[in-house]
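There are two complexes below, and they share chain A, which is joined by chain B in the first and by chain C in the second.
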Partner chain A sequence: MQNVVEISGLTRRFRDQVALDNVKLTVPAGSVFGLVGENGAGKTTLIKHILGSLKAQQGSVRVFGIDPVADPVNVLGRIGYVSEESDLPAWMTVDELMKYMRAFYKSWDESYAESLRRDFDIDRKAIVKNLSKGQRARAGLLTALAYRPELLLLDEPSAGLDPVVRRDILAAVIRTIADEGRTVIFSSHLLTEVERVADYVTMIKRGRIVFSGPLDDIKATHRKVSFRFDAAVDTPPASPVVLHWEGSGKEWTAFCTGSLAEVDAAAKSMGAVIVTAASASLDDIFVAQATSRR
Partner chain B sequence: MQIHIAPDDGVPIYLQIVNQVKYLVASGRLEPGEEMPPIRVLADRLIVNPNTVARAYRELETAGIVEKRRTAGTFVSTNGSPLARSEQVKILTQRVDTLLAEARQLDFSVDEVVDLIKQRNFDMRASAKE
Partner chain C sequence: MSIALPQTGRASARPNIAAGILWYLLRGNRHRLTATIIYWMIMTALSHTLFSGVLATYDSLALSSLAIISLLPLSGLMLFIIGQFGMTISFDDAFKGYPSHMLRLPSSSAALAVWPMVFGIPTVCIAWVVLEKTVLTPIGIPTQDAMPCLGLCASLILCQCVTWAPLTPAPRLFLYTAALGLVGGSAFAIGFHDWHRLPFIACYSASIVLGVPLAIACVSASRRGEVYTPDFLRPIGERIGALLRRRPDIDATDGRRAQAWFDYCIEGAPMPAALIFFTVATLPFLFNVDRVSLVGPSESGWPIAGIRVLPWVFVVVMLGPLVATLLGGLLGHNPLPSTIAFLRPLTSTEIAASKLRAALVSAWATIGVVALFGCLALLTPATDGPVHGILGALLLRDLTPSRVPTIILAIVLFMLVVVRARVDGIWSSVLRNHWLASIQLIGPTLAFVTLMIWNSFGNVVGYFLTVHQSEIATAAVVVKVMGVVVAFVVLKRHRLITTSTIARQVAVWLVTSIGLAALTLAAVSWTTALPMTAVALSPVLVPIVRVSLIPWAIDKARHQ
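Coming up: the complex of A and B.
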């Protein structure tokens, strides 16, 4: 199987609010897939479609080639899901939680679960609701990893957590991907984390996909460019390669998309020369795309 | 092998690894024949995607800086590479680029910059002789 998730033409409305607008998404097996976008952009709605907890109003969703709404048993048993709002049974002890999960999943690996518990330093006898936020997040991660799911699905796993817990989560992502053939999808607003671990990045804005592709390609087609115009301008001309202008007089800095040759051609047609061109971090790219009016 | 990754730097992470290994080799802190950490181990340590480390190693291999030995792992190349010199050129090139960018902003031509460099060189030698 080549693609773990295949989504096409997916549109979702909540009353008259469009949450997802003609979304197309392909997640190749064995990749780490980062989903980014501002709060309310539609990331969680998209993830809920992958889990089958929302039914596609228009378009199709296939996970492992299966419709997750029609056949949830064969989809959910192969996905490890961790969300910001952990829904672990609060009244159980960690020990009971592990036994409870083992009953649900045929592929539960008790020795792996136990080694994770020791790595994460979670007390077996502690009651889930008494765990600290960080330890609860680790317990959630443990229960999602211990049955070695084919797809690890993380919805804002790092939100509100301290750097040490976030590091554990990223390390878990890396170990998951290092196991042949397993796939990770994670949504995050921490762009430096996405940049560290993702092979593919998709950005959603107001329910639409702004860009989607290999991280290397996205970085190669976004750059910060300083231009110098022949004469001072109040506002630089609009250009299809420019997302966002900043500057004054003759010197302007722009956030550009496209190849360097395209940017160079655009500069010539605007009566400007390129002074410097630098590659941009995913964080820069995100801000430029989020604030762009397009 | 000390490598530091700055994900907000803008430079792709695989390139950060490539550059830092090159500097470590150029400066002698990685010696010819020394073994590189396995891909998974380095990925785990740096908290980056193993595919990224694999890509960095491929680039380093293509550049002749490291070599894969069958079944044994990846090692710093032993055949004395011209790397040190080319890395030195690269460091100077970055300096020159900065100089040229500043010169352009101050409306100096390249010839004027070259003249200035020669003049400074002459002055420095003269003062050294005194």
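Coming up: the complex of A and C.
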């Protein structure tokens, strides 16, 4: 499978703050790629590098095999971008917005744009600033989808929106995947949504990639395990497989990484027995990784 | 026997709503208040020295123009004072009503409404009297104290009523503007005219007397959460809104044209709009017939204060581009418009070209507005001694062939200044630093004016500059030519410009230079032609450097 995005050794600093630290990432064509992380983890910075809005200080970024800074026309012409801050020109009418966007993209599909507008129930004559937050998000989505981009970049598109708008955004992701060979990079805090649609997930923490890979593989290597110790302990012993402990006395629950055999070996070395082991949701994995001190 | 009363701590002290409102007003407006006091101090100092009596005689074009420009913030100052006592911190707040957090305070509606009036009325009166005594009279504008004070108090109370009324923002804006324009404007104007006073006194007094209970009722209604939407005004409001939002149809044939349309809508309109605004706002200044000896008016001609025409033209023509640059900078300070362009599939050179195309349209629109006003002025009936007719015909009668090149040169220089202002506006938006770009425009103007004033007092530097002006102006042009060369080298290195573009820009510069030199030679004597040509070339050269560097700056801003 060909990669749509290839990032290697990407480092970005804003004065003394390291926003991205030696990031290596590949996004295969035709995949839905979920990007998760806490606020300020570096997700938006990473997306801005893919757009070419930020120039790599170290490392390289290639989108469709092209440097987005050196050749913005060929990269931006194939990307649809929707951001958390609805960066649509507030003074335009929806009609003007559609005409304005149409001028830039040869592949703009007027009938598709019109059907999206009708589905999203947006008035052509309405001024963008008078649209509700949800409608503005839908208008942003419309302008990003109407030219059927090869890569759809969604940066926290559903933040602060109601479930109906979120459903529209998810439907847009699904619709984009339905077009063969198209790729979606989807950054979100709403992990249930990411879990629903993503094939691949990458988690960023303080500018570093914590895990990255197919969602099924990630879920297979993370589990919620209940341990019972022989005697009550104040703090369970540290273990390389344990991300996060919860509990008290003899009964403790841990979020673990690694295979079941590795967890079992770790339990023995700690002097504990495994009571139950269950697969963890993406939400559990996120919390465990975010609160882990590693 | 004594009874021990419980100790009262700070928490049980009686709330003082008056002190709270005063603190809110002073604290929220402290920066503007400081700026106001500094402005007043500077104006007081200037009125007693440099501008002393200058608007009574109009002897010096530069000084009287400078004095008029310096006085323009005065109306803003009075607006600020009136707005401030409407419990508004910013202009936007004026249309949001009484501060909602204060409506929840445990005090009566009467206290909330009356205290700002109690503080506001003496402040407005004192401010006017102080300004009149320390600034207006010394500068040569005699006024009368009592009537403007009464009128300003009436407009303060009416504006308070409107600000606190339970209305939606659009009718509030309409009523606020109407109250301020009619009452405040008449109060301001009556200070300079011998109009019949009685109707004004009656209107102002009635506004004050009725305004107090009305304001209390408005605050009370706002506290109950009432919102009155005058539906009958909605169609008018929508029509006005549509008129204000009117803009050219988008040209969506390709991305570059669409982006040029976008840039014009964002940054192109302020310059012609500013020029229209300043022309209309300063027009009454020309028609003050009471105190100035007039050139050309009579029963059959429009009474134009001829003595004021030149300073007025200077002020209007200079302020338009200046304010447009500042406005462009302020708009550019908002990163959104630039970001939208940066995300479109265009090269940085194409984005620059779109911006320049929009700038050119804006410059032509401004020149068109000036031409329109010029035509209207030339068609105005006037008289000159025994001769009557339209002003244009009277001017043509006095126009000798030797003056034609000077007039054409002035028009060309104005066009260059306008274009340059737009180029500066682009830089403001690209750099997102309006101060830097504004200083580039204001700095040389201020330096020029300072030098002129300094020179009028007789000094060594001024004398040296005057004697060696040819060499200095030529050296400045040489430095700028070197700047152009460096700019082209940088652009070539970044592969943002081609040799053919360089050749085209050099050709434009050469043609303009030769044209300007020819015009200058025809307009002025041989002895002053060289420095004049050099000075005239400067505004052409500077845009060329900046225009050339815009793609590079956009590229830098786009890929940070």
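What we mean here is this: the second predicted complex is superposed on the first by the 293 of 294 C-alpha atoms of A that agree within 3 Å, B and C clash if a C-alpha of one lies under 4 Å from a C-alpha of the other, contacts with A are read in each partner's own complex, and residues count from 1 in each chain.
Methods note: a residue touches a chain if its C-beta (ideal position, glycine included) is under 8 Å from a C-beta of that chain, and two chains touch if they have at least 3 such contacts.
Small disclaimer: the values here were computed from a predicted structure and weren't measured.
Participant: Looking at the combined model built on chain A, do chain B and chain C fit side by side or clash?
Facilitator: On the shared chain A, the partners fit.
Participant: Is A:91 contacted by the first partner chain B, the second partner chain C, both or neither?
Facilitator: It touches chain C, and chain B stays clear.
Participant: Going by the contact rule set out at the top, does A:174 touch chain B (first), chain C (second), both, or neither?
Facilitator: In the superposition, A:174 touches chain B alone.
Participant: By the touch definition at the top of the document, which applies to A:219: first (chain B), second (chain C), both, or neither?
Facilitator: The answer is first: A:219 touches chain B but not chain C.
Participant: Regarding the shared-chain residue A:281, is it in contact with chain B (first), chain C (second), both, or neither?
Facilitator: first
Participant: First (chain B), second (chain C), both or neither: which does A:55 touch?
Facilitator: second
Participant: Touching A:32 in the superposition: chain B (first), chain C (second), both, neither?
Facilitator: Only chain B is touched by A:32; chain C is not.
Participant: Is A:130 in contact with chain B, with chain C, with both, or with neither (first, second, both, neither)?
Facilitator: neither
Participant: Once you lay one complex on the other using chain A, what is the shortest C-alpha distance from chain B to chain C, in Å?
Facilitator: Superposition on chain A places chain B and chain C at a least C-alpha distance of 28 Å.
Participant: In their shared complex, at which residues does chain A touch chain B?
Facilitator: Chain A residues touching chain B: 32, 167, 170-171, 174-175, 177-178, 191-193, 195-199, 216, 219, 224, 275-276, 278-284.
Participant: State the interface residues of chain A toward chain C in the complex, per the touch definition above.
Facilitator: 51-55, 69, 72-77, 81, 87-89, 91, 96, 99-100, 102-105, 127
Participant: Write out the stretch or stretches of chain B touching chain A in their complex.
Facilitator: 5, 7-14, 40, 43-44, 47-51, 101, 104-105
Participant: Of all residues in chain C, which touch chain A in the complex?
Facilitator: 245, 250, 252-255, 257-259, 261-262, 265-266, 336-337, 339-340, 342-348, 558-560
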